[in-house]
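Next up, some structures in structure tokens.
The two complexes that follow have subunit A in common; it is paired with subunit B in the first and with subunit C in the second.
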Partner chain A sequence: MKTMKEKILAKENLAPFLDELLKTYRVVAPVRAGDYSLYRPLEHGGDICLDYLRPIKSAKEIFFPQNETLFYFNKRTNRVVASPEGEKTTVLFGITPCDLAGIIAQDRIFSSGTFKDSYYLRRRSQTILVGIACPIPGETCFCHVFGIDRFASEIADLFFIPLQNRYLVRVNTEQGGKLVEHLQEATEADLREAERLAAQPVELKEEIMPIEELSHLLSEEFESPVWDDIARKCIGCAACTFVCPTCHCFDITDEIRRDIGRRSRTWDGCMFPMFTLHASGHNPRTNATQRIRQRILHKFAYFKDNQGIISCTGCGRCVDVCPVNVDIREVLKYLSETLKDASKK
Partner chain B sequence: MRIVKITVESSARDTRTFELEWVNPGDAKEFHYLPGQFAELSILGAGEAPISITSSPAQPNLQFCIKRMGAVTTAIHHLNEGDIIGVRGPYGNTFPLDAFQGKKVLFVAGGIGLAPLRSLINYMLHETHRADYKDISILYGARTPGDLLFKYDLKAWAGRPDVTYLETVDRATDGYAGRVGFVPALLDETAPKSDDTIAVTCGPPIMIKFVLKGLTALGFPPERIVTTLEMRMKCGIGKCGRCNIGKYYVCVDGPVFTYAQMLKMPKEY
Partner chain C sequence: MIDYQTEIRKRAAELLKNKEVAMVIGYGAASLPNRTMPIFITKPEEADKLVFNRFCTNNLSVYLMRLKELGRLAIVSKPCDVRTIVCLIQEKQIERQQVHIISFACPGVKDGDGKFLSFVCANCPVTTPPIYDSLIGDGREVKQAEDFIDNVTEFFSRLPQERWEMFKAEIAKCIRCYACRNACPMCYCKECFVERALPRWIGEGAELTDTMIFHIVRAIHVAGRCGECGACLRACPMGVNLGPIAKKIQEDMLNLFRHQAGLDPEAPAALSTFELNDYNDFIK
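So, the complex of A and B:
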């Protein structure tokens, strides 16, 4: 990739900058929704809300919506009509580093193997990614465990770093560069301020063994009694899977009224007992222990084996939303300790 | 695809074979399958269900043997000849055809577990392929005589000099004079030799469990026992995330696995 000049955008000019983009693009960015924010299409540049650490739901829904129509049909005539496409190119603005990492995991799933997911890839290829740095992680954040850079991203077309009263804009692709052509170039002083910000110490510590090592040990621990301990609190609400930037499971269902209907896909989750229920009544995962083991092993072992990366970004959303305080950091710590002890014996 | 023939297979009428032809004959060229693969069958308004292909690729039409179990299979059972079923596929891996070359093959099937094996049996017995394999033995069982499926094929197999065919039922009904007993018992009783032989088994989980035990006792190494697994599926293409057993996805890594592969999987199926 050829290096391009960093640009500068004054914070007070962010809204007008987005308004300018809205003339050509669909712009999706965090907007206020009650007591939190969500990635939503902007009507006006001024609707953007960067007051929160991160939107309550991850950015995955821009490419893999919570519910989407695969096609419409008429049952009487057997006619099938594809859901409309050809939306304008989307600029997804203000993506946090943890969500950018989530997009990498989603890309692996939907674009790998013999069969690619055309619905996902269509949206993905029509989107320009604009990341934003995360100078101060939140209480439940643990992205450092996965080595996520809070000040850069390999997949973002543009990356914004908030300085005192302006953004330093790193340009990673030509496509991104076009959006900021007209902005003034950054000075040495701007670059130094960004470096200072990135070097600022933040208190990050988790007593988790190196994650690659844990991942390696986990694949051998299917029968371990630790899963029972971990599952004890879980009520199987699957809230963790819905806010997760990497969870990709879905259901496919039909809705019909008289002869007209649609086939849609909807987020689903491995924490639901019905998820694996066979038509015969047989269910390979009947209890919470099996289901939580599936979720943890999928993220930290199976995904690594199949796709080469761990599918957790340390965003901490599942910790925030769990109604019974299952804390994945505690789970990883507990696994670390138990497995360390076990491997010593 | 259009239904050209419906064959009621079980006396309870809850299992039927649907034979389908392409509405657009050109689509046949896009649908190359081998024994072991499955397809997602679609009924608009009811949804999709993964069903193994029971026909042999040696024949022109596709056949699916379907037991009425859930919403989609019930909707399919309500269809008549001439009606349309959507077909997405073929998906999944195939039986290891190369491994069978020049070997004896032992089939052990229970109930509707015969459906996927039937594709392979009829493929092997086809005149263009028969010479590639040595002795073919088939052990088949069902709950009652009325639950024995594909009776027309069973009769043809039993009548062939180059096939050993034995059947059993769990429970006899009036007029049945054949063998009574479970499939694993039939296996123990007939004690087929394991030398130069590959065993292929499919049936209810409890049957498979005892058949695997029986085959092992007969000296079949895990690499020479082949089975086809079933899990709840939606997409069929490795995305929707529900058919995994450990790191293996039944829809893309399977449904055909050797017992050697199964021994490496967590017991979660």
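So, the complex of A and C:
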């Protein structure tokens, strides 16, 4: 595809730009919520908050909310009586490269292969993605391990690169192009500044073995005692899975009042003991070791086997929120060291 | 000035060397600044991994139930954490001989960026360990005269309607990850009511009232059993702060039922005893 002309938007014109979008679209963007930001629908363009490295939760809930109604049914007639209505087209603005990578993983689960999820697809197809570059990674970030480009994304319709007092806007799709038609074109100097920014070296400190190699080793080390060491301090909450851009497990429940039932789905967490409890009472994963092994293998081995990519984007959110400092980077480093030694023997 | 960290390491190494305990549960260096993390030491030569500083925030008692099969456990424990061990003993979840408590008079731990004393610590009613096996330092109370953000007084100085709105705003932040529950040593139910499917007690997540019920039930369930360690507050990824309410409930237990949690392992548990002169003005 031929790249379209880059555009320029002055930073001071961002809020008016968003206000203009709000006339036609639902706009979701990072909004301040106390000590952090969250992706939330904007009421006014000025509500956007880009002061934080990234919102505390990932953008996955825009397409796959924590709890959503699938349909209402009548218990007596066993018929569906109502389905939720679609929303108008959404512009998801200010989405970070790690979260865009998360959407690539979610797309594989919900919208490719044999089973397509109509709820996810409806929202996904009605959303225009506007990414934003991440010039300086945070302390817990490690997206470079997964080769994520902090200055471009192939799935974003538009991609904003913050320069001194303006944004360079890269246009990837026609749909995106329509939103910035009226903006002035970028000059050679703007492009050079963006290139300089992207070329700036950042300190990368993670000594994780090449992820492909690790992924291969992992699938052979199901019975390794390392999993016990890793799992010992885990307290089994779902903080890591709920903030994760790629975790996608859910539970389906019915709530019935009189004759009318509501079928909904809700995020579930593989660290909860109840997660794999069968109706028979049998639970194939009875302890923390089995559960944490599942989480790691799912992200770094099974997902790769099934979907062709690793389902971690290195956003570092799980590192930030874990109450007991289960640091996925340390886990991968530890696995790299111990499994490499074990495989040599 | 005594070096707590050196003393703790020394004591841990001795206990392991003499085979008095199978494991020492303590604090180790974390991957992030202003943090420590739980570590589990089984060899005397590994005792040097133990650290002690103002960021030893986790309540390690949460691991006792899970690891008790290993044998006798030594645990580095702040006085508030000791209170939860006492509660576990009172409730017959562990035996007194099961644990070797390494404790000290506590100056309080720091919150977040390390600038402030945690408000939980600033309001701490028990700064010396009620029971212990090894005492580090002289056990004399440490004066807490550091800066902290007093949101307990602030909360209760407001009108009921305002408090209700503040409570709702806190609840709205909750993502139901249950980190608060899982970080709490007193939340040891094998099956929490929120996960019970038959019958289902609360809805799975769309309604604010469902989330509210989880927090209200948990607050009441730990009435008279809460060591006031603040582990639930610190575990929360979303910064839900129901600290003032938790604090108030423990104060009510003291004022109305003369009960302070976790001081005497021989004392009966508050929620499982009844006395004729118990406060009962709520029965009209």
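The working rule: the second predicted complex is superposed on the first by the 339 of 345 C-alpha atoms of A that agree within 3 Å, B and C clash if a C-alpha of one lies under 4 Å from a C-alpha of the other, contacts with A are read in each partner's own complex, and residues count from 1 in each chain.
Everything that follows uses one rule, which is that a residue touches a chain if its C-beta (ideal position, glycine included) is under 8 Å from a C-beta of that chain, and two chains touch if they have at least 3 such contacts.
Remember, it's a predicted structure, so these values are computed and weren't measured experimentally.
**Student:** Per the contact definition in the header, classify A:F242: touching subunit B only (first), subunit C only (second), both, or neither.
**Tutor:** It touches subunit C, and subunit B stays clear.
**Student:** After superposition on the shared chain, which partner residues are touched by A:P284: those of subunit B (first), subunit C (second), both, or neither?
**Tutor:** Only subunit B is touched by A:P284; subunit C is not.
**Student:** Identify the partner contact of A:Q164: answer first if only subunit B is touched, second if only subunit C is, both if each is, neither if none is.
**Tutor:** A:Q164 contacts neither subunit B nor subunit C.
**Student:** Touch check for A:T266: first (subunit B), second (subunit C), both, or neither?
**Tutor:** Touch partner of A:T266: subunit C, not subunit B.
**Student:** Touching A:Q200 in the superposition: subunit B (first), subunit C (second), both, neither?
**Tutor:** Neither subunit B nor subunit C is touched by A:Q200.
**Student:** Show me the subunit A residues, by the header's touch rule, that subunit B contacts in one structure and subunit C contacts in the other.
**Tutor:** Dual-contact residues (subunit A): 251, 253.
**Student:** Quick one: in the complex, what on subunit C touches subunit A?
**Tutor:** Of all residues in subunit C, those touching subunit A are 30-33, 35-40, 58, 62-63, 66, 173, 175-179, 181-183, 191, 195, 200, 203-206, 231, 234-235, 237-239.
**Student:** What residues of subunit A sit close enough to touch subunit C in their complex?
**Tutor:** Touch residues, subunit A against subunit C: 33-36, 56-57, 66-67, 69, 139-140, 232-233, 235-239, 241-243, 251, 253, 255, 264, 266-267, 269, 272, 274, 288, 319-321, 323-325, 327, 329-330.
**Student:** Flag every residue of subunit B that touches subunit A in the complex, lowest number first.
**Tutor:** Touch list, subunit B to subunit A: 44-49, 69-70, 73, 84, 205, 230-232, 234-235, 237-242, 244-247, 252, 266, 268-269.
**Student:** If you look only at subunit A, which of its residues touch subunit B in the complex?
**Tutor:** It is residues 73-75, 78, 80, 109-110, 113-115, 117, 219, 222-223, 248-254, 256, 261, 263, 265, 268, 270, 275-280, 282, 284-285, 290, 294, 297-298, 301-302, 305-306 of subunit A that touch subunit B.
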